[in-house]
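The letters A, B, C and D name the chains in turn, as written, and every chain counts its residues from 1.
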Amino acid sequence: MNSFGRIFRIHIFGESHGDSVGINIDGCPAGLSLMSEDFLADIERRKGGLQKGTTPRKEDDLPIFKTGLFNNKTTGAPITILFENKNTRSEDYQKQRSVPRPGHADFVAHKKFGGFEDYRGGGHFSGRLTVSLVAAGVIAKKLLASLEDEAIKVTASITEIGGEKDIEKGLQKAIDAKDSVGGIIECRVTGIPAGLGEPFFDSVESLLSHIVFAIPAVRGIEFGTGFAAVKMFGSEHNDAIENMDGKTKTNHAGGVVGGITNGNELVFRIAIKPTSSTPKEQETLNWETGKVENFSVKGRHDLCIALRVPVILEAVTAIVLADLLLLEQRIPRILHA
Amino acid sequence: MNSFGRIFRIHIFGESHGDSVGINIDGCPAGLSLMSEDFLADIERRKGGLQKGTTPRKEDDLPIFKTGLFNNKTTGAPITILFENKNTRSEDYQKQRSVPRPGHADFVAHKKFGGFEDYRGGGHFSGRLTVSLVAAGVIAKKLLASLEDEAIKVTASITEIGGEKDIEKGLQKAIDAKDSVGGIIECRVTGIPAGLGEPFFDSVESLLSHIVFAIPAVRGIEFGTGFAAVKMFGSEHNDAIENMDGKTKTNHAGGVVGGITNGNELVFRIAIKPTSSTPKEQETLNWETGKVENFSVKGRHDLCIALRVPVILEAVTAIVLADLLLLEQRIPRILHA
Amino acid sequence: MNSFGRIFRIHIFGESHGDSVGINIDGCPAGLSLMSEDFLADIERRKGGLQKGTTPRKEDDLPIFKTGLFNNKTTGAPITILFENKNTRSEDYQKQRSVPRPGHADFVAHKKFGGFEDYRGGGHFSGRLTVSLVAAGVIAKKLLASLEDEAIKVTASITEIGGEKDIEKGLQKAIDAKDSVGGIIECRVTGIPAGLGEPFFDSVESLLSHIVFAIPAVRGIEFGTGFAAVKMFGSEHNDAIENMDGKTKTNHAGGVVGGITNGNELVFRIAIKPTSSTPKEQETLNWETGKVENFSVKGRHDLCIALRVPVILEAVTAIVLADLLLLEQRIPRILHA
Amino acid sequence: MNSFGRIFRIHIFGESHGDSVGINIDGCPAGLSLMSEDFLADIERRKGGLQKGTTPRKEDDLPIFKTGLFNNKTTGAPITILFENKNTRSEDYQKQRSVPRPGHADFVAHKKFGGFEDYRGGGHFSGRLTVSLVAAGVIAKKLLASLEDEAIKVTASITEIGGEKDIEKGLQKAIDAKDSVGGIIECRVTGIPAGLGEPFFDSVESLLSHIVFAIPAVRGIEFGTGFAAVKMFGSEHNDAIENMDGKTKTNHAGGVVGGITNGNELVFRIAIKPTSSTPKEQETLNWETGKVENFSVKGRHDLCIALRVPVILEAVTAIVLADLLLLEQRIPRILHA
C-alpha cells in the first residue's frame, strides 16, 4: 500500500517525528553511478526556510545509503535510503493531541488506525516523507538522463500563487492577510518518446495522477488544456499530426493521446491547496471535551506549501517515466558506462 | 496492465470491432445476487442514440455471463462477462487506415504495437470497452448497497456542456457549429464511512484518479474545491470539524483529507474533452504519402461524448470503493442474504 | 488471486460444468503469429480418453479466440481464450451434493464460499481449468521458440507411475486393484540463458513452484537432486564451473543457483497424488445426516491423473520463463517476423 | 521483486557485508504490541555458533526499529527494521573475487548484475538476510497468536541430517568427513482454520512454496505424504472426513485440499542441500585466468546450514498465514488489546 511502480518500484516509510523517514527502491538497473552529491540540489530545492513563505524547520537531510550501493554504483539489489529526523519539536504537537487540526490528517488517521497512529507532526502522513520521493526522483532522473538517443528532461515550476501569476505578489497577499495560500505547478517533460503507457488502467495520466495525489495538498490535476478543453470545439482541440514522428501542430493533448505518449512535450498542471496550518485562529472539535473550540496552530509551517512542490512533482514524474521506460525496454537492466 | 484493484480486481479486454469486449472480476464476495436485469438500467444510460449528441450505433449490449455465477449468485470464483459486438461497420475504418485520426489513439497505437494493433474503430482503445466498466460498476454498486449500517450511493451528473451550465444550450452550440463539444461531470458519494484509503500511494484520490483516467477523453480531475482552492486562503479552505463523526461545517476538501475519507460527502469533478471525431474537416498526416491532407471523419460518433460518461464515472468510483471496503473488512467475503 | 505473472500475466476463470473455462493473457508481445492449429497438439496431449488410465470425457476443446488477435497475430492487447464445456453430465454430481468427495475440494469450497460455490464437477476447482493453462503455455512456448540466439525448449515426461519406473506396469497395478495411482513428472528445459530469476522472493524455484502447485494433485516439487541432496556431502553436491558460460561438470543444482538460472539445463520433478476419484468404495461424511457413510464415485475419472500432467507442467514452466525473459528484456515487446 | 504478500506485505533488502540488512513490513494491523524482547528468542535460534555444525560468526542482531512503531505498538504505518552488520571480515571474500564459489550465487550474480553486484560474502544473496525474515516472522507469529478463537501455532523441526534421523550422528558424519551435510525440516501448524488459500495460483501450497524457496539452500518441498503419495493407491491416500469441522481420519493431505486449508494440521517438509562452503578442496573456474583451479573456502561457515533453518521456516510460514488471515478478515485491521 505504501508501494508504487511495476519494475522501478518504490516503498515509502517513516514518520515526521520518529527516528527517520526513508524509501526503498527495487528494480533499479545495476551500474548507475550514485553519490550523495547527486541528491543535494534537489533536496535543497525541497527544503523550507530559504525564502519567504516556507517553514523555518531545517534538516540537514543528507541521504544515508543503507543498501543497494557498492563502490558508488547501484548493484541491482534494492536501494534503501534514510533521512534522519534531527530537528523535531514534538512537544508542540503533543499539547494539541486532543484537537485534530483542520485540513490535516489528524482526524482521519485516528479513525483509520484506532488511536495507535503516531500523531506527532502528522506522523506517517507528514509532508516530511516527500524528501524520500525527491531522493527516488533523483535516481529516476539519472536514469532518464542516461538514454542514448536523447535525454528526457523533467521540469516543474510554479505558475500561480494565491491566484496571482506574479508569484511574489501572491505570497505578499498571504503575509499581509496573516493567512496561507495555494498555488498551481506546471510540469513539462521534453525528449519523451512516443509509446509509453498502456490503454486504460495504466495510461500515462492514470499513473501520473496516481502518484501525484500521493503528494500532500494536491487537489487537482489536468493534462494539456485540461479543464479548459471543455470550452473548446473538437476541431479546435484536436492536434493535427504533422510528420511521421507524430509531431503535432498544437499540443492541446499535452503529449498524451489514448493514454499513450505521442512524442510531443508532456504537459500537465496540479493544484495545491493553501497550507492547512495557517496562523489565523480557527474553529475545530476538541475530542476530549466533545466541543468545538478556537484553535491556533503552533509549530513551524509554510505560508505556501506549493513553493516546495515543484521538485517533488519532478521526482514523481521521473519515477513514473523511469518505470515505463524499463517496461518498454528502453532503459536496460544493466547500465554500462 | 489491463488490471485494476487489490481485492475486488478487474481485468478488461476486447476490441471495438472484434468478436466482443468483456471484463473479468476477481475477488467479488460470494453470495451476491446477480441477474441480467441488474445491468440493464446502467447499460442503457451508457448507450448512444438516445438523445441528441450521442452516436446512433446501437448494440443490444446484453451481458453474457460466462463464469463465476451459479443459481444467479456470485460464487466467489472469477466472474467473466462478455458483450458481443454485433453492429460493427469496420469498412468505415479500413478505408482510413493510412490516416491516423486526430485526437484518437491511431497514431500512438501504431507506434506502441508496431502496426499489429487492431485499428478498426480504435480497437482495444475504443470507448466501446467502457461498457465492461459499467458492468463491473453494477456489481460494485450492489456491494455498496449491501452495507448494513448505511448504503453508499454514488451519483454522477453533467454540470456543464460546451462551456454552458444549461446543457441543452451547450449541445445546441455543437449542432449549430457542426462540431463537437466537451463537458464536466461531477460525482458525489453519500454514506461513505471515514477511514477508506491509505496515506500516500493508495490515497482515495490516487486510486480514483488512476481509474478515472482510464475513461477515454478525460483531461482533468479535481476533488472538493479543486483548482479553485488555489485562490482561497487557508483559513477559508479548511473545513472545521463539528462533531465526533467528523462532520465538517463546510466540505471544501470534498470528503478526503490526507488521502483518507473523512466521513463527509465525497465530491469530485472530471473534465471531458470535446469528441475527437467531429464532423468538421481537419488536417492530418497520411502515413502512406507522408503528407498532411484534409480529413473528414466517417463512421458514427457522438457530438458530445461527455453525455455518456456519468454512468461510467459512477461505475469506476463504485469499483474503487468496493475494493477499499473489502480491504477495510467492511464488506465480508461471503454475503449471507 | 486467479492471476499470475508480472509482464506476461495470466488470469484464469471458469467452472467445470458451467458455460466455459478460459484464460486472459495480458502483456504478450505484439506480432506473434497464433492460430488454432498451434494449440491442437498440446490440447490433445492433455485430453483424456486416449489411453488406459485416463477419463472417457471428451471435449473438442477448440480454443475460441475472443480478443487480442487480429489477422492471426497478437496485437499487444489482452488475449482472451475460451473453451466451451459441451460434454457435461452435471446430474452425476448433483446427486452427490451432500457428500463431499474425499480428496476433492468439495468440503473446503463449501467452507470458503459459504455454499455459494458451483459444486458441479468441482466447479472452479476442477482440473478442467488446466486446459486454459495449456493454451497460455502454447503461447509462452512460441515466445520461447522465438529467441534469436537459441530456442528454449521445455519438455516434461512421466518418470514413474504407481511406484514403477515401467509406466505400463504401474498402470496395470491400478487396473488390477480397481484403484487409482499417482506418479512423478520430470521437466527439463534446454537453451535457457543464465541470469533469469531474482534473489529471494522471485527466485526461479519460487516462481515455478508457485504456479506448479496451481496444478491440481501436485504434492511436491524438487529441483536438481532435490530431496536426495540431503544425503550428499557438500563436496559431492557442488557443481564445479568449467567455463566462462557457467557450464558445470555435474548438474546437481538442476540449473538454478541462488534462485537464478546458471545457464545449465533446468531440471525439476513434481509428485502427483493418486487420483482422488477412485472406483473403490470409501468412507466420508454426509453433510445432511452428519454421519459417516460409504461412498462410491460416479462420473468419469482418470485412474492416473499424472498421465495428463506433463503438457500442463510444460505450459506453466513456459509461462514463468516467458515472463522472466520479458522482464530481462530478452524477448522484445514487439516481435517482427 | 524483493517483495512478498498481498496485505501483510514484506520488502527485504541489504547485503551481507554492507552497512545493514533489513525489512519493511507494510499492512500490519495497528495496535500490536512489539518490543525488542519479542525478537530475541527467534533471532537467537537463527544464530550460528551455538552448537557444532554452525558458523562462529556472531552478530548481536538486535533489531533496530526505524519506523512504524509508537509507544511500543504498531501504528498501521510501514514498519522498518534494520540489523547492522558489525562483524564482517570482507577481506576474506575480496581475495576470492576471481573465483566464483561452487554452489554459491557468485557466478549467477555476476551474470545477472554485470559485475556491479556487491560480491562480499554473497552480498544481497547472502543467508544473512534471513535474519530479516525471522524478524517479520516474529510479528506474523504474534498476529497468529492474537486470534480470539484459537491461537495458531507454527513449529518447525529438523527430522534428518546427513541422511540420519539421529541428528547428532548426521553431524558427526560431516565432522568426520571434514565436509558439509544437508537435512530435512518439517513444519507443522496447529489451530489453523479451514478456508485459507485460493483455488489455483494462490493456493496455500503455491504461497508457501514461493516464499520457502526464498530461503537459501532449499531444494524441495512436499506437503502431507508428498513424494511418498505416488506409491499409494487413491483409496489409501484419501483422507476420510469424519465430522462437520472437516476433521479427517488420516492426514495424508497435510491439511490442504484443492489449495485450501481443510482445518486439519498443516504439515510440510523441505529439503536443505549440504552447505556449499565445505572445508573440502574443490575445483572451480578462475574468471581471470579462464582456467579451472583448485579452490578452498576461507571465511566462516556452517557445516550444516539446515540447523539454522527451522526458525526461518516458521517465520515464512507465519508470514503467509498472517497474510491469508487478513485477506479472509479473520485478523482485524486494528487490534484492540
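Keep this in mind: contacts are C-beta pairs under 8 Å (C-beta built on N, C-alpha and C of every residue); 3 or more make two chains touch, one makes a residue touch a chain.
Here the structure is a predicted model, which is why all the values come from computation and not from measurement.
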Ask   = Can you spot which of C-D, A-C or B-C is a repeat of the A-D interface, where more than half the contact pairs line up?
value = B-C
Key: A-B or B-C - the one linked by more C-beta pairs in contact   = A-B
Request  = Would you kindly say which chain has the C-alpha centre located farthest from the C-alpha centre of chain A?
outcome  = C
Inquiry  = Rounded to a whole Å, what is the gap between the Cα centroids of chain A and chain B?
reply    = 26
Request  = Can you check how far apart chain B and chain D are, centre to centre, with Cα atoms defining each centre and the answer in Å?
outcome  = 44
Request  = Can you check how far apart chain B and chain C are, centre to centre, with Cα atoms defining each centre and the answer in Å?
outcome  = 37
Ask   = Listing for chain B: what residues touch at least two other chains?
value = 1-3, 12, 77, 112, 124, 199
Message = For the complex, give me every residue of chain A touching chain C.
response = 6-7, 77, 199, 327-329, 332-333
Residue numbers on chain D that touch chain C, as the complex places them = 1-4, 12, 100, 102-105, 107-109, 111-112, 122, 124-125, 129, 160, 162-163, 174, 177, 179-184, 194-195, 198-203, 205-207, 209-214, 216, 218-227, 229-244, 246, 249, 253-254, 257-263, 271-278, 280, 282-285, 287, 290, 292, 306
Chain A-touching residues of chain D, taken from the complex the two chains share = 1-3, 9, 11-15, 18-22, 24, 26-27, 30-31, 65-68, 70, 73-80, 82, 112-114, 116-118, 123-124, 334, 336
